[in-house]
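Provided herewith is a single structure, encoded as structure tokens, for subsequent inquiry.
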Amino acid sequence: MGDIVFGDNQYGKVACRLVRVSHDGQSGRNGLQDITVTTTLAGDFDGPHLHGDNRHLLPTDSHKNAVYALARRHGIGQLEDFGLRLARHLVHDTAPTIRRARIHLQEHPWQRVNATAFRRYSGETRTATITYDGTTAWAVTGIDDLALFQTAGSQFHSFFKDRYTTLPETTDRSYATLIRAQWRHTDLLEGEAWRASYEQSRDSLIDTFCTIRSTSTQQVLHALGRRLLESCPSLAEVRLHMPNLHHPAADLTPFGLDNPGEILIPIDRPHGLMEGTVLRENAPAPGLSWW
Amino acid sequence: MGDIVFGDNQYGKVACRLVRVSHDGQSGRNGLQDITVTTTLAGDFDGPHLHGDNRHLLPTDSHKNAVYALARRHGIGQLEDFGLRLARHLVHDTAPTIRRARIHLQEHPWQRVNATAFRRYSGETRTATITYDGTTAWAVTGIDDLALFQTAGSQFHSFFKDRYTTLPETTDRSYATLIRAQWRHTDLLEGEAWRASYEQSRDSLIDTFCTIRSTSTQQVLHALGRRLLESCPSLAEVRLHMPNLHHPAADLTPFGLDNPGEILIPIDRPHGLMEGTVLRENAPAPGLSWW
Amino acid sequence: MGDIVFGDNQYGKVACRLVRVSHDGQSGRNGLQDITVTTTLAGDFDGPHLHGDNRHLLPTDSHKNAVYALARRHGIGQLEDFGLRLARHLVHDTAPTIRRARIHLQEHPWQRVNATAFRRYSGETRTATITYDGTTAWAVTGIDDLALFQTAGSQFHSFFKDRYTTLPETTDRSYATLIRAQWRHTDLLEGEAWRASYEQSRDSLIDTFCTIRSTSTQQVLHALGRRLLESCPSLAEVRLHMPNLHHPAADLTPFGLDNPGEILIPIDRPHGLMEGTVLRENAPAPGLSWW
Amino acid sequence: MGDIVFGDNQYGKVACRLVRVSHDGQSGRNGLQDITVTTTLAGDFDGPHLHGDNRHLLPTDSHKNAVYALARRHGIGQLEDFGLRLARHLVHDTAPTIRRARIHLQEHPWQRVNATAFRRYSGETRTATITYDGTTAWAVTGIDDLALFQTAGSQFHSFFKDRYTTLPETTDRSYATLIRAQWRHTDLLEGEAWRASYEQSRDSLIDTFCTIRSTSTQQVLHALGRRLLESCPSLAEVRLHMPNLHHPAADLTPFGLDNPGEILIPIDRPHGLMEGTVLRENAPAPGLSWW
């Protein structure tokens, strides 16, 4: 069967948790930022895997230390900027056999209550994925944990029926989903422009979902991607991951009650899952954006 | 060692999930309510346990059906009203050996986006626990999953030191907690008064936490309870369950960096847990409020 | 409404994780023990709660340190012995206002593969709860996460039917549950006797569940408790917490298929929950066993 | 920026839970199989996404129904056979625009106690991923949730040190990991041969991990893959996903205690993650094995 060889490989540190409190001694107004960082490195790691030679192996403990030290030196700021700084450090300032780094970041929102106190808010998670190969950097921004519920106007009918199809057709059902979306930028932004871009993208997703009248969840997915690209010219591509949050109507007929889409039973599993990509035809190639 | 006897026992249905969509055909403005209901029944159940006699055993499947049917007949409204209705049904309209019912309810918040669409918000869970013995009903309202973060002014020093104490003293640390609070009402309210009471209580907790300067988490707990009772005369008792959300400062000295409470590492476990009760001396006895 | 007073309270450290590797240099055969420890202290803590006076407040960080230091000094051994040692330390060797301690312990099993390597096994969690008031110690042992499935012979019929009852009667269904049981000892044991007692109790539960033919889950619960007491004379009381693992049969009639209890759909929620206590009439009083 | 187009997309049903009880009336000896099935379909779905045309869209509800109906018609048997049967059904017997199907399956083990009763065992999850494009089928088998702990002989030293490296070198540490492995078959097997192949592969992984003396976790990963291929000639490729289960030693020096790798603190996050592929040079191309 031929020789055995060592193929693709990568390694890193998963889920470095970090809260940064910025103190403004003068105003007494503190800031709070709560993020989770994951590093992944690729390169030539035959040494440790094949030969027990660790000379060029940077411990993942050092990845973690870099997260905290860079946050102290430079602050965090926008996820994308912090991710790029960390990626550059890992590729340029550490072991020579590291060819590229990917940094995945999540931001967990807190709402300000007063000058120094905050309350956790969990309705969305902002994400960023930065990839850097020593020369080029690619940026993908995203949102996770965005649950939306449309109580009217969703249709699903005229679908294909096989011998195992029992689903009734409907012209007015509820439809809810838990959106994870990622969008690829054509160019790197800087500082507050990342935030503005994120907020515009998020608002586009929410607005599209909450106003569309659809005949399938697939149609919603496509519309979310298309309208996001239409409203944000600097984006090249959108990837959507949309598990259904199913809410079938309870059967109340045994109790002499009708149930016109009013009493619904949330079901965790199984659930439908729609995934799709919408992109510009002439956009720059993705390179290592999605690794 | 004496005869073997059957002691305390109870049974019920855990975590009936229910979403109610109310349709206002005229305005086109729908409502959305998302709750989880758990039933617990106590009474004389020697029949099924000891004698294989199920004549007076109401299946938990029927508890669940009642949740959905009552929601269709009467709507949900305030958690406490719905819990009381369900408790009365279970005690009065079902098996004669049921002596009392406890209903625990949680409400999961969604924010309105437009007339028919909603977005999930996860910063707090409103709870209610209703107990009914056929004659008297007791109501306990609560909040869960309320995470608060105070970035300044929390002290912890001058504490007891034993041979295993290494914790440094501090006069200005961050302090975060995940509050679960429950408060006992002296009287039953009705309808929107439940909501107003809940919001007043929640706001008192947030306001107290976010403005206090404390020398221990215990002092915060007591203040939360005391000020809630002071601001809400109709409450008899408050119970607080407060796990710390620990955020120790990262040690950056190996990198030549100081860290004045700025770069913090959230730690899940182990965590400190403070629990305590604050109550009025002459309040009505709790009866079965806490079962 | 009367003065506001401070009522019951307690505090402690939740979920101290600890793995102990014992090295036998001579034989080269190492041991592995994996436990989780939670401490709870009660006493007079008015100082920190009411007066900002921490003089007698032992930080929970010191609870945690004691867990690790005592494990190094004395090993772990049986959960009950380790819990008792920790409880005595906390009550006698630390702050004078501590009146009693409760230690809850869980043991996570690993199976030996060879002299030094182990594989995690997750079919049960052994637990112990030790309470100590400075004079008397109470011991409760238990099991958690024990999932059992009986594929034949379980009946449920002739139950009470109310207007919301639609559950069909059955004389031969599958029945599965996830057992959490705790049993109170009349006397403290020592060393390996704890392990022998645990294994006998666990085996009694498994044997009873797997051989009983029942007419309700309640009947199973009672039999589990009764037979455990019958087989273990040194136990005074058993408490059982038994959520159903529901497995309704899939409805295959739309596809022209029958389904005689063969194709089942596991349902997470909602689920029925049975709780009950079986005890000896003349057993010693529980004291603070259950706090 | 060019036209907006619709790119890669797929959809399916996630986590169909299924327990099959086989009844042998004659012997009274029942069987129990507990699996989770996820379907993913790809093909030409422009209709529903772009044009609101569902004519060729098979509802995910029908995927789920097929899982249950096929299990009733044919039993489950080995995961790979069941997955292949389901994949063929979805590609050949349903909508014409479906080009390929991927079925991911997990098996949750139960241990037999007697002829009809079982106890859940959770030390491993067997997995299979079957891909079918209407002509060719690819099979990948795997294991998940396999936690292994080596208490001796693991080394990690002589690694690369950057300015943020503080990790001490060690020549004898504990090393634990939670293995997820997947291996690609060169040919389809049938029936019990799948089970034999799985058990041989699993045993190879356990044996390699438990006997190797390594200088890095990377070296362990490579050895696991290489030895699995060496011992199983019918496998073409192995992919390994190995998060560390970190167990740093507790610092007991403040208490005058040493700690020679004995008292360890399990840490959930952050954790190192190693991923790698080992394959035969001349093995058949993977085709759609990994989609």
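Every chain is named by a letter (A, B, C and D) in the order it is written, and numbering of its residues begins at 1.
Going forward, a residue touches a chain if its C-beta (ideal position, glycine included) is under 8 Å from a C-beta of that chain, and two chains touch if they have at least 3 such contacts.
The shown structure was predicted, so the numbers you read here are calculated from the model rather than taken from an experiment.
Interface comparison, B-D versus B-C: the higher number of contacting C-beta pairs is recorded for B-C. Where chain C touches chain D, over half of the residue numbers in use are shared by the two copies, so each contributes mostly the same positions.
In whole angstrom, the spacing between the mean C-alpha positions of chain B and chain C is 23. Computed from the mean C-alpha positions, the centre of chain C lies at a distance of 31 Å from the centre of chain D. Computed centre separation for the pair chain B/chain D is 39 angstrom, with centres defined by C-alpha atoms. Within chain D, residues 17, 65, 69, 163-164, 166, 254-255, 269 each touch two or more of the remaining chains.
Residues of chain D touching chain B in their complex: 163-164, 166, 254-255, 268-269. The touching residues of chain B, when paired with chain C in their complex, are 1-17, 38, 40, 45, 48-50, 52-62, 64-66, 69, 93-95, 156-167, 186, 214-216, 218-219, 221-222, 225-226, 229-230, 233, 236-237, 243-244, 269-283. Residues 17-23, 28, 30, 32, 34, 65, 68-69, 71-73, 110-111, 113-114, 116-123, 146-153, 174, 206, 209-211, 247, 250, 252, 254-255, 257, 259-266 of chain A are the ones that touch chain B when the two sit in their complex.
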